[in-house]
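In this document, chain identifiers A, B, C, D and E correspond to the written order of the chains, with residue numbering beginning at 1 in each.
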């Protein structure tokens, strides 16, 4: 199953500001992609060394630069980048620590946003979270991912093919597009979970096996872990939506309001799912208890019918010398008849009591 | 059962502002009805094309125009309408996306309100939600429904027959009337759920079957989904009630306070229902456990009486040569008597222990 | 059992402001009692028509007038009253609708307060709620009840016999006295529920039958419904206690603080009761499970002792020709002895395992 | 068990301000002790009549007077005291009503504080609450107790023996000392409850009997009732800690902050205890269920082994004429052997399945 | 198991400000270590008497002094220290009382911070909490520990070896480093708990024994106690993070924001763990119930097959004289065949019902 926490203990005992990568190493090599554009131009390149990025720090450039970094395990690269762009050492530390709450921090020169992307791990149906960090500056956005995934590809395609309004807008709108892509992606996860709940609901009624129980537990676990990624988002996006961050222009605020609404909607659905899963566990237990009842009733019926009958035939199996009833011509048929009557009476009695 | 979520994943990967219909397509053709009135006049027409609506945008018209659109799956129609009335692309996107939280947004030229209408699906007793969107302008209201339902008919009738104060008031009062009709409709749903709970309460006591369990689960599910539609309403109507929206005149505020009270009342009742249904599950489980106890007691009684007796008759069924008791004249009657005493003593014992 | 909700659906489809009585019709005829007093005078009369009340609207009268109306099902009477005293149509609608949350609304000319009175229905021990509405003006109070009950009699008696400070004070103090009488009445309900809980606690330990289960469920139901009447009171009385309403003089504020404390105390006790009842359900289930255990242990003991013994006697009941042991002189006594030893050993074993 | 609520219904139907004692009468006679001191002087006396206290009302006295009244059931004494010291009738009513929430009220001339003291009732281990009221004036403190208990003795001893800073400080510091004594006393109750929980934890694992269940329920009940006494304290002491009351000097504020911290700590511990007790109930139920499982396994094993064997011996006990196997020389030993193999095989099977 | 509360009752009856050590005495002797440094210098010494510390109170010293005191049970030493550094008697009392909530208090001359450090007690896997108190002044930090542990060693090493920025910064940064060390240590505890949960999850599915139940209970207990140490931290660090305390410079605020984020993250994880453990208990119970079902099914199957068969062989074991079927040549084989058919039919029936 998905790890509950990453090896956060690694950091204990270190002084603050020491750069150390926490989490699984997922990318072999750090890959840096630079996309530069304004309304008229578009230029895309893969950077060979981190130093190529440094010129985009210049505030006087009229273009928007998007530097995407896949792989965050190399502290030397991130350290250099941080120094050049004037990032606070604690922020660089945060970028490298993948076991973190989503958060947003505002500095004079840049804003830092940390979020989680979610994937399903096909085999066991667990949700894998990966960390995405954004540094949003005046005219640049730096995005950090644990490994190369295609979540940001569509956006790069749009810029390239000049679709939508993205090329006319600034770095803050680019940041919005990246956030929007991440959050839209949550809906896919949510929908899959919804389908799982629906299919479990049916099985719950028709066949409450331990497999169903385990599936419910897995769902519950996924929802608990998912919640940890999603709830803090409300705060993060809320800051952007309320316009509390100066980095983001008034004109992009309505867009952040839109993803804020999505975030609230996702939280709503998650809470709904949690309640449904909680209800399913209770239904499971009640259902099992009812079945137990049914089985015990069968046992009791069988015992109630056959124990007295076996006792009766036992009586006539006794070897007493003087048992005149054994000599009677119609002894056996009479006993059989009596037993039949007892048996039928009992069945009738159980029927009447609706067992 | 009712779908937990609509195909929201459709939107993932699309740029913001792209118009796409999310939800089931319920109406074949988009039907546009225009109702125009002031205190003296009344005019109603079915529009053949969306362009007929455009002249009502004029702020200098002294009449109130109500444009009702049944069917929201055609992005070209909504796109044109949005452009003409100056709606933000994100708002038009929201109108077409039926998987949304109820919300309200204020713009300079118009206010946007999204709500849910509720119907019972007769066959399975599930609650179906449909989305209603309202665009409230200075002297016009545009309402969007997924399909034609008669929830707004009474209001149109009132305007036509000139009943109530509606014709004397402006577009904001028309919006209030539409909201009031939707929320009054919730009470019907609530009342039906209340009756279901009451009938389940009786069955719970007299006959706790799996059918009851399934009914409880369905109720719980309905309540959870209902909650998702109703809770956000508090916020939406609260904004109107507190007079935070400039579109709505001070004189209509008391009316919004009235539907705000209704909303709170509905939420109160829903919470009450949720608690009762939760209590019912516990009662069900306790009840089943008690019945299990009763059945097991029967089994134990039968076994406790007949097992020793069967053992005794077994003793006298042994084929030992030297069993002088078998030769006794009164052997059998004595044994039968002893067994009868044992049996009666046990029954008496169980009676005394109140089994 | 008490209805969960009243026929609120009646109102759906009606325009706002249409007067319609919602709830059971409890009084045959509307009875109007007018009590007029100041420090020196006292006059009481039963009004034959609603018009007799109209002169008390005059702000220049130096007396305080209390108009009590028993029976709220006649819309013509309430309509006329509302018109004369300048009540908003929505307020008159609220007075006639008995399915409402307790609430308070402040207008320039009057304040409207809606509360619930509670009675026990002796037969089934359910709590019946009735609505009381108060219109508090400058020098008059109008109280509306569903039927004539004696909750306000003591107050009228006090005014008549000139006890307490009531005759020296204004209409707001009269309103306080009426509210105080209603809330003091809640304590009686609470005390009765407390006694029921205490008596159930004893039975729970000594005899957990389905009757106890049903009693717990009824308690829970009563508490849930009670809560719906009491919780909103906090808000209503809170407004008065904080002096937010201008109608109520600073000098009466300490009295409202007193009933506010009572309200909080009632809510505290209700929450305590709810927790206790929730705990009782768990204890019930645990208790039933323990008893099940005890019964099954008896069954297992009986089976464990007698099944092997019955098997042994069965062996010697076999009809094989060559069973030399059957020929032994002491065969039977030996077998009986062995079986006795087995039986005693098992009983001893169970004793030692503390079954 | 401890009463859930005191006879609060007594007050229903009475006009506000009527003095009536609610609660058990615990002291035979009202005992009034007056302690007067300043930095240099100390005087202590038992008052014969309430009138002796009246001179301490004088604001110009330079000493601090502490009037302690044990016994609050005599309305004439309290009425006179209230009149002399200018207490509001509702406050005197509150002093006599022992079924109240802890609260604090500020008046111009005095502050009123109501709290609960707690004792264990040794026999049944229930918590008994008694009410303590304090009237804190400029240079006097009046304390009211239901009966004489030694909770305030230490303080009087300190003043007498001149220990601590108490004699140098004013009436507000005396009030603090009294509150501190009451709240320190709570820790004793809490510690005893903690020990009970710890001893139950052990029994829960080793021997989950109904006695344990009853003890858990009693603990739960005690915690619920305790909570009702302690939670409102937070608000009461919070007002003093935040310096919202003018009666209390800035220099004593740090002391109130200290008892505020204690109150929060007590609430924290109470909540912890509540969670642990809730967990214990679940563990109890799971534990019982597991034991049930174990017992049923024994039963099933016995039945699975002996039922088939008994059936086999039954076969050879049949009296058919033509049963050649009965004639075989080694018939019986063969059957016995087969049965032994069956029995051993089953025992082996159960062992392997780890029953 | 770890004590729920320490002997807090010791303090009851004492006047406020009396110094008394509450908690276990863990260190034999009080050990005082003084570390003095500025950017250039570093001096470390073990103080022989408490008086050696007093010169560091001087505000004009340009160095930062860190006085670490291991052992807080000697009231004379702490009393003298408190007097010299001008600590309020209540603060010294708090330092010696190890049963306290984490808290922070700001005075003009110094700030007081109390926290808990956590260790695992290897044998029983319980969490032991110890109290750490910090007094932060203008240019000194005094830290109090219950006994010498190595949690602060790394920091002293860093100062000695001149690593990090610590030597350039003031006393507030030193305080931050101490807090950071404590909170980073929590992550180790959290990670261990996470691993325990993961290993229990596996056992829960494969083998739900009472050992698992006990482990779940222990986890739950640990989490409840842990929560008591961690939750109040949010408030404490929150004050520092929001810059509400004047002692801490604006430039260190970002560092406190960092540990604030860590605190919130720890709380998040704790809540997640609590939910998972709660879910595990439910799964355990459901799992046990399912197994019970399985066992009972075996029992019922055995009984349902063999009881009728035993009855049948009993019939032919009766000793009636006239039982012609006993004389038949193929009597026995016929009966055996019929019984075989009955047995097989039943097995088939159970298979079909999927027992």
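The rule is simple: a residue touches a chain if its C-beta (ideal position, glycine included) is under 8 Å from a C-beta of that chain, and two chains touch if they have at least 3 such contacts.
These numbers were taken from a predicted model, which means no experiment stands behind them.
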Next on the checklist: According to the touch definition, list the chains common to the neighbour sets of chain C and chain D.
Outcome noted: none
Item to check | Interface composition of copies chain B and chain C: same or different, split at half | outcome: different
Item to check | Centre distance in Å when chain A and chain B are each reduced to the mean of their C-alpha atoms | outcome: 26
Checklist entry - In angstrom, rounded to a whole number, how far apart do the mean CA points of chain B and chain E lie? => result 42
Checklist entry - Which integer distance in Å separates the CA centroid of chain A from that of chain D? => result 42
Checklist entry - Where does chain A touch two or more other chains at once, residue-wise? => result 285, 289, 292, 296, 299, 303, 307, 310, 314, 317-319, 323
Checklist outcome for this item: Around the ring from chain A, first stepping to chain E: the sequence of chains is A, E, D, C, B
Item to check | chain A-facing residues of chain B, complex | outcome: 1, 3-5, 7-9, 11-18, 88, 90, 99-101, 103, 105, 208-210, 213-214, 217, 220-221, 224-225, 227-228, 232, 281, 284-285, 288-289, 291-292, 295-296, 298-299, 302-303, 306-307, 309-310, 313-314, 316-319, 323, 326-332, 335-336
Checklist entry - Which part of chain B faces chain C closely enough to touch in the complex? => result 154, 158, 163-166, 176-177, 180-181, 184-185, 187-188, 190-191, 194, 197-198, 201, 205, 254-255, 257-258, 261, 264-265, 268-269, 272-273, 275-276, 279, 282-283, 285-287, 289-290, 292-293, 296-297, 299-300, 303-304, 307-308, 310-311, 314-315, 317-323
